[in-house]
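Okay, so subunit A shows up in both of these, paired with subunit B first and subunit C after.
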Partner chain A sequence: MLTEQSAYTNRWRWVSPTAKGIFTCSGLVAACAATSPRASLLVITLLMATAIFGAGIPITHYLRVGAPAMLFLGASCLSLLVTLNFGSGGSPLTLQSNPDELSRIVHICGRSCACLAALLLLTLTTPLSDIISLLRRCRVPDTLLDLMTLCYRTLFVLSAAIHETLTAQSARLGHSTVTQSLRSLGGLVANLTIQVWQRSQALHIAALARNNDGALRFLEYPFARSARHITLASGAGITLILLAVLIP
Partner chain B sequence: MSDAIIRLENVSYRYPDGTAALTDCSLTINRNKRTAVLGANGAGKTTMFLHLNGILQPSSGRLFRDDIPFEYSRTGLRKLRSKVGMVFQNPDSQLFSASVQEDVSFGPMNLGLDTTTIRRRVAEALGAVAMAGLADKPVHNLSYGQKKRVCIAGVLAMEPEVIILDEPMAGLDAAMQEELTAVLERLHAGGITIVIATHDLDFAYGWADQALVMQSGGLLAHGTPEDILLRPEVGNALGTIPQIAEIIHSLSLLGIDLRGNGYLPRTRNELVAAIAAVTTREDTP
Partner chain C sequence: MHIMEGFLPVTHAIGWSIASAPFIALGLRSINKKISEHPEQRMLLGVAAAFTFVLSALKMPSVTGSSSHPTGTGLGAILFGPTALAPIGGVVLLFQALLLAHGGITTLGANIFSMAIVGPFAAVAIFRSATAVRLPFGMSVFLAASLADLMTYLTTAAQLALAFPDATGGFPASFAKFVGIFAITQIPLAICEGFLTLVVMNALVRFNARELQEMQVTPRSGVRA
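What follows is the complex of A and B.
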């Protein structure tokens, strides 16, 4: 919901998604092209600053949305520090102490964080419906986009259904003990499975009723000053890539 | 052109599980009229509605639009669905896109219209349901009543001749019901034929020009609400009669005739005005 809230309320809501897409792609290229951890850090800082000061995303929102991804990233990087060592005697787990390897791990971690910052910039400033329109213009297959559209919409409908079912279960002491919680959870899953099936049927009928016989297509927003935004984003993107490459 | 915009002739339909939902059902929906379809749960209202839009095809019998039989080819269905719009009971089952404006554009996009026409139609449809100010909002942030209005706008944007609404008042509070009734009034004034399935007898009694009462997959009675909703067999099928009719009947037993110029009150406001008029008459020396 935080992502959603930011995407609809940020300062760049009406900036062309193409421009934001270009800048995000540039961010991803810069992240991959960064030649050192220092360059990665610079890319991360610039992308974060753009989101927080440029688009006006509250820093707490930014950190809370990024936290789960950072958690996974942190766990992955920590696992790189550990070497499995069977058969040569001693402890089977050894901590990495080679300075070259350590520097490589920090570099990978930096690049991954920079990629995350680039993607956060897009998702926190652009509603998913705009991203889907952008992907459609990029010729991403319709089936994939239809799935994205339906999953996104259904996410909110099902989250409401889950909330209602949980409340109803709790009202009848369905979560008073661990055993009952497990049983209620099973009931919730079974109920949701049927609901998903019924809702998919209902959506299919509703689509037919509105003359749909193919891809789900919607009107795209006309973004004002689109060319200017694209030029600015392209310029900023190129600068970002150059900085990532040139910083030693 | 005949008065009948849609006609069902001996239509029967059986679901794949064997349930007979419509049995030899014949009925007529008149042009530019407000039609209320009444009936207990399982009477066949929703199944009948799904036939009107070509979602279901009858097992036997025929349907006509403007006295021409329904054509179930791809082109025929396309034409039918652009003229007969359907608003389902649960808005969450028919809103596809996350954004209001995008969802309303879904039907016109499917009709293959050009972008300028779609933009115009979307703006007009949202204006008609008083949702223009929320065009850019995400659908999941809307209230239940607002979602219903977006659903109506989604159908309106296809510029249909007939709009079918399956229990549009279900789940709405009194204020939202009033707003929705005002929207329906505007649409009807604009020349659209409106068909509503409802369990709200008082609403049907006050709002409809024509009432169709269904029972066990067939038509039990049809006519003006004041003619048919007071019949004993209709009262038995629906389990009640409109409260206003009941009050008028009780008062008539006390010798108070609320008929003013031969017209019986059908809404609460009309009833209050009629009682006030009778009281004033009696107070005048």
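What follows is the complex of A and C.
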């Protein structure tokens, strides 16, 4: 997963996750508070520059992670551009030509891109295990955190199992036709569902063997100079919000 | 069908988060109760969340030539119940936003409401109704999975129509527009997901009959695969 690769290898790997969380939240607030497309564009540029030049995320990684979301956004904005016209003759679907509506769609697109840039800044610089630790400090319920921890630690195992099974099925022409593909996929998902029971049972036994009495606890890395990073992130975040609000 | 990060107006994003919060709280209570009675279910639910996440990496063939991934909503709801699926779905949607940039943080509440609340509740209601009127097990599973998918898609269309009503026709015209546009891909995908869930459940009935009976998915007398 490209996101995980960047999260573990960027320059800000050892910057406090709290600081990165604060700056991301500020980015989201700034994206929502931006009153014009120009302000949104500024927020996007600043957040992208922070990720690429500040955290040292390779631009190719950044674009490859953001591209599917951008395509999805394009399709979503296209659906807003279309309007229905029943009973007026001709095609029931017409494109928007009202300038107010068009500027509203541009504003939505800008806000969405800015929010995406804020999200990418967090995900490309912070491993998910650090985000879970951050959520623990934010008093998110333990049960939810346990679900997240277990999910994160087993998804790569299941992902590997999927790829191996898909390779084996493809080698036996299991995906040569649509019907065959659906049948193979059903077999794969059924097999994985059974593995879910088997693996969870094995994990339970392993946890019992280590005297597990409830919540799953992991050691957290103590981040150096946290207070300094948090102050810097807060200052940068406030500046970003002010820029978004003040630029016409 | 995820709503993209930042796509909804702030008031709507907050509103859908508030609407989803009680279901998450109810789901967590239900999970805590389950775990206190059966401690081994802690691991099962966590691994099930990972399983639902990796399902989104699978490509499902579609009749229209496009491809998408199975949501697992129907299957998860039938196996674990609709209340437990709200927090599990929430975790999966959060992971999809963080690891794949699919969906988002600001639209998490809206996506949870359509995919982890409406879909699972619809799936279980349809599955139980179909079982009550003695439809064959396979038909009940197919209807539950495919109609749950359609309910999810209708809810997303309603969320978008509420946020972006048509300038002249208002909410109804906007809802008709979104339903019409997404129907091209979503109806074939719902049918495919129904068949896929059916194939999975048939395999589970054959190989994991005891677990299905313990989870009260099938009666003690069992069903024919």
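One rule holds in what follows: the second predicted complex is superposed on the first by the 231 of 248 C-alpha atoms of A that agree within 3 Å, B and C clash if a C-alpha of one lies under 4 Å from a C-alpha of the other, contacts with A are read in each partner's own complex, and residues count from 1 in each chain.
Methods note: a residue touches a chain if its C-beta (ideal position, glycine included) is under 8 Å from a C-beta of that chain, and two chains touch if they have at least 3 such contacts.
What you are looking at is a predicted structure, and each value in this text was computed from that prediction instead of being measured.
Trainee: I want to verify the contact counts: of subunit B and subunit C, which reaches more residues of subunit A?
Mentor: C
Trainee: Could you look at A:S234 and tell me whether it touches subunit B, subunit C, both or neither (first, second, both, neither)?
Mentor: neither
Trainee: Please indicate which partner A:E101 is in contact with in the superposed arrangement: first for subunit B, second for subunit C, both, or neither.
Mentor: The second partner, subunit C, only.
Trainee: Touching A:E4, do we find subunit B (first), subunit C (second), both, or neither?
Mentor: A:E4 sits against subunit B and subunit C alike.
Trainee: Could you look at A:M148 and tell me whether it touches subunit B, subunit C, both or neither (first, second, both, neither)?
Mentor: In the superposition, A:M148 contacts subunit C only.
Trainee: On the A-aligned overlay, A:L185 touches which partner chain: subunit B = first, subunit C = second, or both, or neither?
Mentor: In the superposition, A:L185 contacts subunit C only.
Trainee: For A:W197, decide between first (touching subunit B), second (touching subunit C), both and neither.
Mentor: The second partner, subunit C, only.
Trainee: Could you say whether A:L219 touches subunit B, subunit C, both of them, or neither, answering first, second, both or neither?
Mentor: It touches subunit B, and subunit C stays clear.
Trainee: Should A:S36 be classified as contacting the first partner (subunit B), the second (subunit C), both, or neither?
Mentor: Neither subunit B nor subunit C is touched by A:S36.
Trainee: Of the partners subunit B and subunit C, which touch A:A69 in the superposed model: first, second, both, neither?
Mentor: second
Trainee: Which residues of subunit A are in contact with subunit B in one complex and with subunit C in the other?
Mentor: The overlap between the subunit B and subunit C interfaces on subunit A comprises residues 4, 128, 149-150, 152-153, 157, 199, 203, 207.
Trainee: Show which residues of subunit B lie in contact with subunit A when the two form their complex.
Mentor: By the definition above, subunit B touches subunit A via 50, 53, 55, 74, 77-78, 81-82, 85-86, 88, 90, 92-99, 101-103, 105-111, 115, 118-119, 122, 136-140, 154-155, 158.
Trainee: Along subunit A, where are the residues that touch subunit C in the complex?
Mentor: Those residues of subunit A that touch subunit C are 1, 3-4, 28, 31-32, 65-66, 68-69, 72-73, 76, 79-80, 82-84, 98, 101, 108, 111-116, 119-120, 122-123, 128, 131, 141, 143-144, 146-155, 157-159, 162, 178, 181-183, 185-194, 196-197, 199-201, 203-204, 207.
Trainee: Of all residues in subunit C, which touch subunit A in the complex?
Mentor: On the subunit C side, the touching residues are 2-7, 10, 28, 31-32, 35, 39-40, 42-51, 53-55, 57-58, 60-61, 63, 70, 75, 79, 87-88, 90-92, 94-95, 97-102, 104-106, 160, 164, 166-169, 173, 176-178, 180-181, 192, 195-196, 198-200, 202-204, 207-208, 211.
Trainee: Along subunit A, where are the residues that touch subunit B in the complex?
Mentor: These residues of subunit A touch subunit B: 4, 8, 127-129, 149-150, 152-153, 156-157, 160, 199, 202-203, 205-213, 216-219, 221-222.
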